[in-house]
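What follows is a group of structures, each given as structure tokens.
Shared between the two complexes below is chain A, which pairs with chain B and chain C, respectively.
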Partner chain A sequence: MWLFYIEQLLGSLPFFLKGLWMTIAVSGLSLLAGTLVGFLWGILRASRSRLLKPLIGAWVDLVRGTPFLVQVFIIFFILPEFGIHLEAFAAAVIALTNLAACFICEIVAAGIESVPPGQREAAASTGLSGLQQLRYVILPQALRVSLPPLVGQYVLLIKDSSVVSAIGVVDVTRVGWLTVQRVPQGLLVFGLVALLYFIICYPLIRLSNRLENRMSAGYTRSRD
Partner chain B sequence: MLETFNFRVILEYMPLFLRCFWATLWLSGAGLLGALVVGTLACGMRIGRFTLLSWAAGAYIESIRSTPLLVQLFFFYFGLPSLGIRMSEAATGILALTLNSGAYMAEIIRAGIQSIPHGQVEAAVSSGLNYLQRMRHIILPQAIGVTLPPLLGQAIVLVKDSALLSLISLPELTRAGQIMTSERFMPAEGFLTSALFYLLIYYSLKALTHWSQKRLIYMQT
Partner chain C sequence: MIEFKEVHKWFGELHVLKGITLKVAPAEVLVVCGPSGSGKSTLIRCINRLEPIQKGELIVDGMRVHESKTHMTKLRAEIGFVFQQFNLYPHMTALQNVTLAPIKVRRIARKQAEEEGRRVLAKVGLGDKLHQYPAQLSGGQQQRVAIARGLCMKPKIMLFDEPTSALDPEMINEVLEVMRNLAREGMTMIVVTHEMGFAREVSHRVAFMDFGELIEIAPPEEFFARPRSERTRLFLSKILTH
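Let's turn to the complex of A and B:
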């Protein structure tokens, strides 16, 4: 009996790979856009702007305080009422990009704030402009602190992308859900789905851990 | 659309939302409690001396952290019946939340314990404290200070994660929004009300985190 189901599952493997491709497309696009927006917001958030700083902070709080599923539903169901008609794929990418930007913004801002203020002062006194200070002095040092949590955040976001299956994006989670209606072996079907996520996420988690060890090498604090 | 935003219907559905708010609270509360137990156990096994147990705990933690909660939830929801195990939706949901958060809890607790310098333990041993006294007076007071803020952070994540239980038709906050959408086709009113209730929980837990951080750093100095 089990063999029969495994055979059936292997038969629908192309379907799963198509779903996997959709998962990679949604999370890849969103991570790319989210990183760009997140860096911009993070730099503004760590700046001295009186208007933008609290504004971004409030938005990040709203996004971090509500479940991603609710955000996806809000974008998918409510934007059409403003006359913006979105396909499920576009709504998913917008929702995930926004989520990514909010988390990455926090990481980048924390990284920038970890750079001692003397560095900026020294850069300013050697005559670098604001943009040059950021480009040559602040960001390279901030990145060292930000990179490990950034990769860790990517893993969380790839996993969060499974939620967009709820609005009908046929990603690998949705493929599992559709398959389980036909092959009533939940353990096998979702075991396979989990395996596919594992193949993407586990190497990234290892990478994040290794980066953390490497990046903190210069800052070794003695244990006792 | 905003001129047609219907507060009257929200009031009409308020009893449903309050019931679902309560459901979200107790589902995530139960998950949190379970996760603390599972997390402590997994952490104990992970840093313990038995290689086999340590390896098993490591495999559990890594496989949970590398797969989405939604897939884990479906794994139990569709998978357990095919093994002949019948559970209610609520039990399945709590099981998934518990096992998922337990893995993260284990890592948080491990970081807390390992943040205590070994010299502290040695000093305690040499001043003649026994194991329980060491735990009570030296290790735990310091470990809790380090552990509590990320623990509360995980509680926030857990509350938000409980929204996924709506996808196995458990009546909780997100489900209430879905019900309002399908009965009256008012997604704006429904989901924004759900979001508001989640924000209520989020800001309370966040305030608690700030308070505990201030309080515990004060205690340490």
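Let's turn to the complex of A and C:
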């Protein structure tokens, strides 16, 4: 019996690979855009801007304080009421980009705030402009602190992308749902789904650990 | 070169500078001393507007620092600032630390900036540490890199905020030696320090601050031999006995 199901499952492997590709497309696009937006928000959040800082803070809290599934529904089902019509794929990417941006914003802001104020003072007192201080002195040090949790966050976000299957995006999770209706072996089907997620996430987990180790080694590597 | 006219500064409710009036001439070396919390660090941090002032006038190298429209990045390039905690960039080597501003602010070609960086680092006795990171250097060496970082901008003024206070005793002299040479070359300097030996030997005038006020300012011979204020006498008796 098992052998029969495994055979059936192998038969739908192309379907799974298509789903995997969709998962990679949704998460890849969202992580890329979310990283860009998240860095911008994070820099503004760590700045002294009296308007943007609390505004971004409130938005991040709102997004972090509501379920991702609900956010996806709002974007997909409620926006059309206001005349904004979105394909499931676009809605998924927008929702996940926003989620990614919010988490990355917090990581980046924390990284910037971990840089001692004396660094900015030293850079400012040599005549570097605000942007130059950020680019050459603050961000390189902030990134060192932020990189391990950033990569860790990528793993969480890739897994969160499974939620978009609820609005009909045919990602790996959705493929699992569809397949299990033909192959009534939940363990087998979702075992395969889990394995496919794991294959994407595991290298990132390893990378995060390696970055963590490198960071705790401190600034001691010499060039001579 | 530097002129304070009735300068006031508050941190919230706290009145930290209470009407400072002070003139520093080109090539003058002024030592500022006083108990902690007296406002002496704040005084020099106002000069390049690391701290803004709330009242009075502050004119540095012809620029009106007290006016918010004055563009500070240009003036800051002319003023070297040395911090108590060094504040070197930990992700850059000594040479990168001293060449960053010349390359990015002065727009000097990298090769030329590095040549100058090597020369200045050699001058402060660190010609063999060009490619070391701050974490690989001792406190005294780090502070000398910090001084070199200021000097590579060819500043008109150098400000020192307790440059030896964070150092182990055996490293203090190597930093003071660099500062002595600098004073001899005619650099305009304001040095906040408790190193009274340095004040006596190198400075043109010594100022004493207490509770945000400039209590007394005089040439070192006079300052140490005949302090006019009771508070100065008390402070000197405490600081000179050990």
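As a working rule, the second predicted complex is superposed on the first by the 218 of 224 C-alpha atoms of A that agree within 3 Å, B and C clash if a C-alpha of one lies under 4 Å from a C-alpha of the other, contacts with A are read in each partner's own complex, and residues count from 1 in each chain.
To be clear about the criterion, a contact is a pair of C-beta atoms (placed from the backbone, for glycine too) under 8 Å apart; a residue touches a chain by one contact, two chains touch by 3 or more.
Predicted model only: the values in this text are computed from it and were never measured.
In the superposed model, A:68 makes contact with chain B only, not with chain C.
Applying the stated contact rule after C-alpha superposition, one finds that A:14 touches neither chain B nor chain C.
By the document's definition of touching, of the two partners only chain C reaches A:144; chain B does not.
Looking at the superposed arrangement, the partner reaching more residues of chain A, out of chain B and chain C, is B.
Look at A:119: by the touch rule set out above, it reaches chain C but stays clear of chain B.
Shared-chain residue A:132: touches chain C; no touch with chain B.
Touch criterion met: A:180 reaches chain B, while chain C stays clear of it. Touched by chain B in one complex and by chain C in the other are residues 223-224 of chain A. Those residues of chain B that touch chain A in the complex are listed here as 1, 62-63, 65-72, 74-75, 77-83, 117-120, 156, 160-164, 166-167, 174, 177-178, 181, 187-188, 191-192, 194-195, 198-199, 202-203, 206. Across the interface of their complex, chain B is touched by residues 61-62, 64-70, 73-74, 77-78, 81-82, 155, 159-163, 165-166, 173, 176-177, 180, 184-187, 189-191, 193-194, 197-198, 201-202, 205, 223-224 of chain A. By the touch criterion stated above, chain C contacts chain A in their complex at residues 48, 50, 73-74, 76-81, 83, 85, 87-91, 93, 100-101, 104-105, 131-136, 146, 149-150, 153. Per the touch definition, chain A reaches chain C in the complex via residues 116, 118-119, 121-129, 132, 136-137, 140-141, 144, 218-224.
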